[in-house]
């Protein structure tokens, strides 16, 4: 067990440690903080979505307090019509506003799909009208919420030209990537992980903290097996890595953070480092983002590979509700450890 | 005209729905539930009054506040509780949550998905299949006030109208869509006026009066069965508890609730049945008791039922 | 009240639109075109009459039969022909086809996508941005009779209404959606009745009468600018050629076309201007001639223009 | 040049050759024939879509004559509302009808996306209500039709659990897969290739001809490089293979035919045969179906690989209109030959 463990403070240098203790936020609080700070900084930033205004403050309370603080002109409750209000966000964005649109659940983004992939995504390429909106999509499962409140639909958007897609795994990135997404001049889909909302705490830099879009992060270093993942599965991977470290297997864990554009350099570096790659995500494995990562490695790092590229993702079935079924459906630390162990032994 | 027996039946079904709901709410609040559930409190007259107007061969696609309609059409309470508890003998075999996925074509029930109001075009398609096959059957579904803002409301009613489909749409206007009041969903007083956009009849009824709902639905169903096309019925009511079990609905003014409490569909119907000499209070109490026992037994059985086997997770994705 | 100069301007813009369209149709039929194009014949009074009622700071999202509106707002004909011919100096730099992608925020024009009617919610959003910033500007867009069957028609008007957005929607009811007649799209006589579903004003006007379209739009724009919310205007007209250049429209009864031919918006307006002494026929002929020269020059220049460099294909996907 | 060329008659045995000459149909005529025969066979089969009824017969005339023959009760013109009428098709299918829904262009399937991936796809798993519809989606470009009349959106649906996805490349399969799709008891999306409609002719067996869903087909045999592809690119691949054969490079060309479920066995057999794989499709390469195929091979055929897995697809931009741009965007025989040649030399 000689690999440096960088997961505990998510890569912040040792010197910053004392500040770390003082600025520990939950993942969900980090999202809210990013919204509040960006709204204070830029009057063009506004929030739209179902039930987002106070006193309710959104299904998960992410926007709680924001309409009280900034007024209902800047926090707009929308009728239940995602296709329409996402299109409206595009219109607002064309005029230079920066709407942050909340999907009540990521699952419902399919209702606005047409406007996202056809209009917003293609607009700049077609006539150079920039569309600087963000859609926040509370995703992922493990919470016994069934097929329509547990989805991870990121692959659809990674395949669609013209979008950016991010998926923070830590409170720091939850804040940093949301700020980056709001300031980006393109449509960005921000997949936040519901299972991390209140269960995950971590250091979050105060104020202006921007995690650049397109840059992955090494969460743990190791020489035996590389695990490439994102979102909630980062923590399952780190847990698996810890288990395996006890067995003498050292895992490199790469958090992609941005899914479009992928940080190809970091992916290839991580893959070539160990020559053994396991790719993990909660979303359906079949034709998921992990397929693209595997294909990229098989094309560009082939000569460094010492083992088949392994993938672990959700099964190719609707996400089931009942605990034994949902647990069978989802990747977790134990399944990751099993596959990484096999790779190490290959 | 409803016979006395029928009126007592209506009371029974509403009472069974309420008993189920009360027990469900208590169980989930007590921490013995799994996932979220939607209370039906206050909606009993709508799902029962409308469902009662249908023939068994008609097809219904109930939504998340139409528990009564499932019960009325013969879905055993134990199958529903088992579904809510993720058991293998639940309607969806542990696949889907609460009332979602509670479809059963044997009972002519189409299950719904979360995405609202997707049962609407599906029910129109069911109705179109009746036209296609020249069957004298009717399809009926429900939509909330909030969900009526979605494009499918428009696409479905328009399609039903141009196809003259034997279709009935019940709008459950319960004043709120989750936390959002009507005034932020629309700029009209009655959703029923939208019927004119499709050249079909639209009426407003008291959604807490089971016989009014029944009568309006009956008229619409007969019209549909006669080949005269779709209708729309707006039932005004109030969602008496939160959106789902976790929601305290602090955003709803207490006075509004108090006002609607006086109009409870079951309490008022009981009073009416007694006043009109259809039943005496003892009889009604006996029914309420019977319902309570029925749902308690169902819950107990559901709680004793096994979870599905993890190994079955990939089974049944595709029809053979 | 329109001045004589303004009335002649209206004539000029309609004539320019017609001249562009005639030349475009001839060029494409002659095999010198690229991809498909949509004829505007018969729609000139709508796009010009409505566009003329706007201030330069207002924003328009024209659709595929609103060429006139692009021209009126200052988009040079050569940029449009170049777009249709896939040239580097086309509005979309060779990225998009015919009038698609002909957006230019410098001219307060929002480009459209094929998926109809997606400009509708986008234009509502533009209008909402004016409310947000407290600017006295208006957003206007168009929708066809066929596209009014899509859910976005409903979602967008409802949203505009609850948000009291300064928004105007012009319905171009040209009797057909591709080959599909009105009777298969809807079961109502006037699409304008749908305004009642949103609690907003809706009127029907003669879409071949440019001044009627202008007057109705002006009223709606003033209402919107005053903060009184959206309006809907249905313009009745007829699509005089096929859906797009390849379509002979054999499915349209010839008598129907003959009837509408008599109501040609440009011919009738010319007669009216002459009858009312606003202009004499020579003056109008001179305008027509000027327009023909203008578009011929534009086409020639577009045809001389270079295609984009293949190496630029991946450029400009993301805004910096 | 010693590899057997099986492309000319698409795998039909030499003995059938004389029949071949007599039954040559265009790709589009094969689609129409399948519709007509299935409608004649089964009264539950009906057609829905925009402008599908006579006298018009659909934007591409695929359904021309069908309403005259079978009546407008069985060929339903729909209002312009894809989300609604796809949902209606689901309702009809639940009642045992077999609607074949025409999208005017595959591009517009995004308008009905929500109903397809959320309702129809998940229904059988959730409550065992079978949804036996087919959506026909005229896809692909090269026809100077711009970003919204040239799309290849199959990857979205391959990622979504519960659907089947097919993409015929030949007139025989255009007929055979459509018949199979209509008879299948699940929602099937049938991607037909517009560029092949009238340009491609081939032998089509008369009458009852079913191409089984889930079975790929070897279109050409070769020992040097394996090209895995589908749809219109099958013909580009065969053209490239012919070019390379002259140079002494023999390509195995596998036509996937079904994209969901993938014929994993055939893919792995084709990959292991040469150890050098090029995957080609018209759709955006990034997170496309080819990524899944590459990932599958990198996982399950790793030890047989002699070269990086190469992929060629559309660029990650909206499909541009102007000829030089569209040509730069799209794969074609020359680009395939170049990449396969490089692989052969690896």
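Letters are used for the chains, namely A, B, C and D, taken in the order the chains are written, and counting of residues starts over at 1 for each.
Note that in this section contacts are C-beta pairs under 8 Å (C-beta built on N, C-alpha and C of every residue); 3 or more make two chains touch, one makes a residue touch a chain.
Nothing here was measured: the structure is a model prediction, and the numbers come from that model.
The chains in contact with chain C as well as with chain D are A, B.
Chain B and chain C, compared by their mean Cα positions, are separated by 45 Å.
Between chain B and chain D, the centres computed from C-alpha atoms are 42 Å apart. Between chain A and chain B, the centres computed from C-alpha atoms are 37 Å apart. For chain C, residues that reach two or more other chains under the stated contact definition are 92, 95-96, 100-101, 113-115, 149-152, 155, 158-159, 162, 184-186, 317.
For chain D, residues that reach two or more other chains under the stated contact definition are 79, 81, 83-84, 107, 110-111, 114, 118, 122, 125-126, 147-148, 161-162, 315-318, 320.
Judged by the touch criterion defined above, the protein chains are all mutually in contact, each touching every other. Residues of chain B touching chain D in their complex: 59, 91-92, 95-96, 100-105, 110-111, 113-115, 118, 120-130, 132-133, 139, 151-152, 155-156, 158-159, 162-163, 316-320. Against chain B, the residues of chain D that register as touching in their complex are 46, 73-74, 76, 78-79, 81, 83-97, 114-115, 118-119, 122-132, 161-162, 164, 185-186. Only residues 149-155, 158-159, 161-162, 183-188, 193-194, 196-200 of chain C touch chain B when the two sit together in their complex. Chain A makes touch with chain B in their complex at residues 50-51, 55-56, 59, 77, 79-81, 83-84, 104-105, 107-108, 110-111, 144-149, 315-318, 320-325, 327-329. Touching chain A in their complex are the following residues of chain B: 34-36, 86-88, 90, 92, 94-98, 100-101, 113-116, 146-147, 149-151, 177-180, 184-186, 250-251, 307-314, 317.
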